[in-house]
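Every chain is named by a letter (A, B, C, D and E) in the order it is written, and numbering of its residues begins at 1.
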Amino acid sequence: MELVAGKVDLYEGTDHVGPPPPGVLRWIDLCSQDAPQLELLRERFDFHPLAIEDCAHHDQRPKLEEYQDHLFLVTQGFACSKDRVETLELHELHGFLGEKFLVTVHLGNIGSLDEVWRRLSRDPRVFERGLDFVYYLIADGIVDDNFPILDTIADELETLEDSILSRPQRKDLARIFELKHHLVAMRKVLSPQRDVLGMLAKRGDARISDRTALYLRDVYDHLVRINESIEANRDLLGNALEAYLSTVGQRTNEIMKALTLMSAVFLPLAFVVGFFGQNFEDLPLLHDWTKSDGLMYVMLTICVATPLTMIYWFKRKGWL
Amino acid sequence: MELVAGKVDLYEGTDHVGPPPPGVLRWIDLCSQDAPQLELLRERFDFHPLAIEDCAHHDQRPKLEEYQDHLFLVTQGFACSKDRVETLELHELHGFLGEKFLVTVHLGNIGSLDEVWRRLSRDPRVFERGLDFVYYLIADGIVDDNFPILDTIADELETLEDSILSRPQRKDLARIFELKHHLVAMRKVLSPQRDVLGMLAKRGDARISDRTALYLRDVYDHLVRINESIEANRDLLGNALEAYLSTVGQRTNEIMKALTLMSAVFLPLAFVVGFFGQNFEDLPLLHDWTKSDGLMYVMLTICVATPLTMIYWFKRKGWL
Amino acid sequence: MELVAGKVDLYEGTDHVGPPPPGVLRWIDLCSQDAPQLELLRERFDFHPLAIEDCAHHDQRPKLEEYQDHLFLVTQGFACSKDRVETLELHELHGFLGEKFLVTVHLGNIGSLDEVWRRLSRDPRVFERGLDFVYYLIADGIVDDNFPILDTIADELETLEDSILSRPQRKDLARIFELKHHLVAMRKVLSPQRDVLGMLAKRGDARISDRTALYLRDVYDHLVRINESIEANRDLLGNALEAYLSTVGQRTNEIMKALTLMSAVFLPLAFVVGFFGQNFEDLPLLHDWTKSDGLMYVMLTICVATPLTMIYWFKRKGWL
Amino acid sequence: MELVAGKVDLYEGTDHVGPPPPGVLRWIDLCSQDAPQLELLRERFDFHPLAIEDCAHHDQRPKLEEYQDHLFLVTQGFACSKDRVETLELHELHGFLGEKFLVTVHLGNIGSLDEVWRRLSRDPRVFERGLDFVYYLIADGIVDDNFPILDTIADELETLEDSILSRPQRKDLARIFELKHHLVAMRKVLSPQRDVLGMLAKRGDARISDRTALYLRDVYDHLVRINESIEANRDLLGNALEAYLSTVGQRTNEIMKALTLMSAVFLPLAFVVGFFGQNFEDLPLLHDWTKSDGLMYVMLTICVATPLTMIYWFKRKGWL
Amino acid sequence: MELVAGKVDLYEGTDHVGPPPPGVLRWIDLCSQDAPQLELLRERFDFHPLAIEDCAHHDQRPKLEEYQDHLFLVTQGFACSKDRVETLELHELHGFLGEKFLVTVHLGNIGSLDEVWRRLSRDPRVFERGLDFVYYLIADGIVDDNFPILDTIADELETLEDSILSRPQRKDLARIFELKHHLVAMRKVLSPQRDVLGMLAKRGDARISDRTALYLRDVYDHLVRINESIEANRDLLGNALEAYLSTVGQRTNEIMKALTLMSAVFLPLAFVVGFFGQNFEDLPLLHDWTKSDGLMYVMLTICVATPLTMIYWFKRKGWL
């Protein structure tokens, strides 16, 4: 068995581009989308032009296409660094899996692919399990990178909910929409990814051994769990938004109560003191009273009694 | 038939770890996730590394995986103590069901499993119905533990609804979101659990006798009912939230009415008394009137008539 | 053909408990959940313990379980008296349908069952159509009892909608939630009931004759219509709630307008009259004017012009 | 071929009620639900009692029931006159389609049926295409009557949306709910109608020739389009409601701003002029000032500066 | 192989209307819906009247109908010029695909069709791949025109979201509803379009070669991605609407706070200064104080202390 140093750039002259000689397994990893190199692949392996075109344009969706002597697989997943959701990044890997060769095409570094590369370098016996197993290792890595992201999102959601129920802030709202954006993006990718792996694990393709199929079923299982987590988190995000809106509504309500109370107490008082501030000087009705203690005590009584009555009435209405 | 004391810890030397001799049925219960013990299981029974890995990491989802000579089953359910939803706890049981052996792995006590254990000790004849029946007894216990939880949630919901429609409070909102959290968690687990038991009851696997399949159909039926209850409760929780929001809105509305009424009554009055509080002393228009009863009675009439008119008008608009 | 008086209580000694002799059809109706009587049934007919256990605990869901020589059927429906939805009541009937016997178990009176009983007493020829036809008659009665309930709900909904669009009241909200509760309860029961009858009508079971299957298809059809009505009513209830909320919001809006208008008119006026109520007595600016008609007319003009301007401006903004 | 004058009322003595003699096709159209006439049909054609019962009770749902020598079809659709949605009316046609006969039962006039009748009178050759083709013509007419209704609804919706976004009014809300009512009613009928025609077009029944099946596929296609339009309109109606609610909310918001601004400007001013309206006559602090220009200019400055500051501050907060 | 100049108008005399002679492939493109020309097509090719009727009425839905010697395909897609969503336009192409002929009927220019025409003129070898490949080229062009539209919508959505979260404006709302309208329209067309191409790619029809089927699978794939994008965008639009509503609500809330604060500060002050503005001149209580500094300082203290207390209290309540 030969492990081809596929991570170097491909050029016309290289011998090891193309299907390997009998009895040899070959994994070629092309970290580029350059037309000449893709063209080289197409010529040597006789890949379908549509598949090569897909490789040239990233941002495909996860899919599985059967061609005569190989499978064409688009595998996608997310990764983020240091558990910060902001750094969410889509990894996309295009793979051609034949019986004797595995060709992977991607752009930029994919941590889990490098991992597999290192493992193969250290322990070439893995190769004996076949190229489908190598593909499993890569896919498993790409899929499992999604778990910490979902955990982080779930943690943030919990913090958000606490913050919303105690004291909702403007930035909570922005955060809710950010998280929802991330979940929409993840679902868009990981839901078809799950279907692809489900098909791969079930369908008894010649290029997938039964032994590997068991392992792919495990990856499928992880994807089911991931998708369920995404759904549950979306559900809870919806909750958080409703909680936010209703807490804000509640707050408006409380402020309204305070305002109404204040107005209720001071508007009548303003009327009372305004009433006795009028310039009717010598009228019989007021004349006698403005000169006497009586009217003043009436006024003072009103000033004290009105607020108390109001407060009592509001308490009975349940507004306080 | 031999009943192995599987609840003790496993160690290298124990004879009874591993497939039993012909004619013997064996149930091993491992209450631990320690790597050496799982490794021991793997060696003796030749379990698949992926299944053993699942056992080492709880928080799987309910599933059913077929291997050559056994089924690997993840069974989950919830339990709570003293009918308090706050104490909700996830029970997770991993089981390997072969024709001659049943290996169960879990962490912490599972009440319904201990129950089965006690029943088997008292009445070993149960063993004669086969290990699939023992698994049924365990699964039945785990599933039925969910009913009282749902009853409690339904009761709380009813109390909540009454409280919301009569006098909505801030803590009702928090309670709604708590209950929804619980329901989301339960659905996430019990909906795949239902599918697992549906498959188990239908599929005519060699390890499940027809007689036991009838019983598993019953557990499946319970899970269908549980899932329907979860959905109905989610639906009603949504209602409760809407009721809460609209009652709060209604209340704001009522307070607004009171405020508007108050302002409507007192703002004109304030104007009137302010008008007569101006310092235009010797003007012909006011001069004659401030000295006369006439103007005063006009003022008093306005002070009485304005609020009455306002109140009448509001009544006609339906705001009172 | 013999019609057994199944409506009496069962006791050990009775001959006619158990499968009838050849050539005889027997219908036993047990209106009780007492353990000894159910035990008696189990012994004589050899029913499955799980089915008997179901009979002992009402509140099952509609289902159809096949056993070797009989079908076990749980049939549910709602009934209410005098077209009042408040009196909604769940009827639950457990039935064992064999080729020669029909055993029905229920709690409390089921009107449509009594009806069938009376019809059989009057016209025993019905018996000749087989016990599956008797079951059809019972199921048909239980199902058709649901139609008047849905009609009542639809009528109430229409009244509610009118009331909401013209003048929404607090009790409308409570009514909406009550109706929704009823619909959730009905859907939870009648949706699986529909599936059960669909299976029964289609599946060509030996215990269901082709002739009766046509009739069961008719019951299935009624259930489909009932479920569609439930869905349509749920939809319209959602509408009614939205209408309620938006009408309340609209109303708040109108009240806000009135308040704003009022404040807009009287706050400036209060300022004006307050301004001329200040105690600057001998200042050149005011001195001359407070003694003259001029300033007073300015003041009066302001008092009239300000509200008019405000009202004009609001009309242009569309707030009036 | 004979075209029977089926549109007259049926009575005992009529010869042409019942299956036609060999070599003759017969279409009988009964515009009544009278029991004796239906009974007559049942006797002569040997129709199933359940189908006859359905004919006696309109308000069935669209369905297709196979009997030994004929199909029983319930076909429904809506029609409205002069493109006014208010006049929406449900047309229901019950049809028995045998190889040699077509019996249609309905209540009231159905325009598209009369149309077919006229066409057959003018051009009896249509009859040569078989009775299934006659049924196609009727169904096609009933289905196509729904298109103008949906167009009208779509037009009204567009008008509504424009009106809502520019100036939402109370009656817009009522209109939204009316339209939704219509759509719910249409979907309830036309969605099962689509399924019925789908089955009819596909299933290769002996009574439907291949040639007619092509035509029925076309009707099915129309129904698919109608149902998609209903869904899209429901979607847009939901939008319109949201737009309404949010525009009303927006408006409340604007009115709030105006109110706040007003209060913000005049409340401080009222305080200022009130402050200088107090009766502290001989105090050193005020004594000197009320007699001097200084204090007055301070007062005037405050009266001008406060509103300006407020307005500037609000502009910066984005409330103006 | 002959390439017929199908883009000219058809008239009776033209030879090349109709099935081509053996060994010749013919593509006829009719850019018209005129009855005589369609009639000509029908006569020469013997197309089904229903298909011809469809051609005469645009605004069909995407569909695939099999006739004896040809497929009838309705293909739809959207195009917009200069990346402005406002210019969205529906392209509809009706195609008859036989083994030897391809007849396309449309109204107005379809850019991607002209493209194919030019390519065929330049490189007639494309014709050798068969007429199904020509159809693929056209369909691919029509489908791919939708991508830039979705990109534009996604871009606008992002701008909208930013604008809404920072400063929501009235026109954002109108924009949201406009975009939703576009998405509803696109989904209504492109979702059945996807199903049509899925069927075409899978079903092994005699008129579609295996080689072309691979290419059609690619178009199907694009349509799946387009539909997923539509769904994701609808989801995010829903978010944007919620964000808009809640930001507006939040804003109302803030304005309420300001209003309440203002009232809270100035209403008590107005009372205080009103109190000391009353005309009780010689009463013992006030008499001594209005002449003394004491009362004035009390007044001044209240005027300063009240607002400060209020502000402190509001801060503690979290309203500031």
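Just so we're on the same page, contacts are C-beta pairs under 8 Å (C-beta built on N, C-alpha and C of every residue); 3 or more make two chains touch, one makes a residue touch a chain.
Note that the coordinates shown come from a computational prediction; the quantities given were computed from them, not determined experimentally.
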Those chains which touch subunit D and also touch subunit B: C
Contacts common to subunit A and subunit E (chain labels): none
Copy-to-copy rotation for subunit B and subunit C - C-alpha atoms, rounded to a multiple of 5°: 70
Distance between the centres, which are taken as Cα means, of subunit D and subunit A, whole angstrom: 38
Centre distance in Å when subunit D and subunit E are each reduced to the mean of their C-alpha atoms: 23
Multi-partner residues of subunit C (each touching 2 or more other chains): 245, 249, 252, 256, 259, 263, 267, 270, 274, 277-279, 281
Chain order, ring traversed from subunit D with subunit E following: D, E, A, B, C
Residues of subunit C defined as touching subunit B within the complex: 48, 50, 60-61, 63, 65, 167, 170, 173-174, 177, 180-181, 184-185, 188, 192, 241, 244-245, 248-249, 251-252, 255-256, 258-259, 262-263, 265-267, 269-270, 273-274, 276-279, 281, 290-293, 295-296, 299, 303
Residue numbers on subunit D that touch subunit E, as the complex places them: 161, 165, 214-215, 217-218, 221, 224-225, 228, 232, 235-236, 239, 242-243, 245-247, 249-250, 252-253, 256-257, 259-260, 263-264, 267-268, 270-271, 274-275, 277-286, 318-319
